[in-house]
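Each chain gets a letter, A, B, C, D and E, in the order it is written, and its residues are counted from 1.
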Amino acid sequence: MILAEVAGNLNAVGYGIATIGPGIGVAFVAGKTVEAMARQPEMAGQLRTTMILGIAFTEALALLGLVAGFLFS
Amino acid sequence: MILAEVAGNLNAVGYGIATIGPGIGVAFVAGKTVEAMARQPEMAGQLRTTMILGIAFTEALALLGLVAGFLFS
Amino acid sequence: MILAEVAGNLNAVGYGIATIGPGIGVAFVAGKTVEAMARQPEMAGQLRTTMILGIAFTEALALLGLVAGFLFS
Amino acid sequence: MILAEVAGNLNAVGYGIATIGPGIGVAFVAGKTVEAMARQPEMAGQLRTTMILGIAFTEALALLGLVAGFLFS
Amino acid sequence: MILAEVAGNLNAVGYGIATIGPGIGVAFVAGKTVEAMARQPEMAGQLRTTMILGIAFTEALALLGLVAGFLFS
């Protein structure tokens, strides 16, 4: 019998989990924007602006996951 | 060989998990309301009222996750 | 160095996991039924019956999760 | 202070996880087939054949999860 | 009382988790491409090219999960 030889840092797991939601979310925003552009091509500019806004808030959550790793080290 | 040096409180993990469902759920309600408003603009008032109702029940589940952390400490 | 002071019962975690699927599933059935009723209002009775049937099978899986906690204690 | 008294086999957890994807997948195939049949009733035979094909490949992944439990015991 | 007799390598778990997203993602791309082809059959060539492009980027993430197992061993 050997004791478990598990190495690694849970903070890396934490960042990994922190990217699940935003990873799907940013892609959802971009995908829906592409869909909306194809329906209303003349609105493309406004749609892209709104997409960037939505992505900014979503992306921030994942980037904070990287900061949290240092914060709770 | 060093023993695992994992620190932290499982209650924080519990609250984190408790926000997965409501986090998606509240956004789903708001997103579908925006979609419904665009289809029936004259119903906007009623749609917003129903949205607030749906969000209230959904949000409560996540907030109880914070309470549960103290309850089971 | 202190050893981990984690308390609690994995059976509670098991029941928590057992409600993920049925929780989404029952809501999916009810949501789709509401959608279907709005499309075919004269079918409302049959749709509600089918919904109850679908919910019964889905709900049972989560309730068995509570039983499993005692079964595998 | 008592040491953790956790009993059970991780292989059961493995099989449980192995059924998440196929469980949703098989239901997705069947659900979409029902939807497709309602749109093109005269294609019902071919749709059911394709559904069985899709379910076979999906179901196999979950059943292998049961085998994996013995394989890696 | 026996101590836990858990064997296995967390890198295998890591690869397993790494395939969740790409596994759904590649299937989503292929599924949407089939849907798009049925709507615009004359675009089939271009749609397949775009699908391969999307799959390539998605698949790479899962394959890197296999590499990561050796990288962090």
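One rule holds in what follows: a contact is a pair of C-beta atoms (placed from the backbone, for glycine too) under 8 Å apart; a residue touches a chain by one contact, two chains touch by 3 or more.
Remember, predicted model here, so these are calculated numbers, not experimental data.
Copies subunit A and subunit E of the same sequence differ by a rotation of 70 degrees once their CA atoms are superposed, given in steps of 5. If you average the CA atoms of subunit B and of subunit D, the two centres end up 28 Å from each other. Multi-chain contact residues, meaning those touching two or more other chains, occur in subunit E at positions 6. Begin at subunit A, move on to subunit B, and keep following the contacts round; the order you get is A, B, C, D, E. Residues of subunit A that touch subunit E in their complex: 1, 4, 6, 8, 16, 20, 23-24. Those residues of subunit D that touch subunit E in the shared complex are 3, 5-6, 10, 17, 21, 72.
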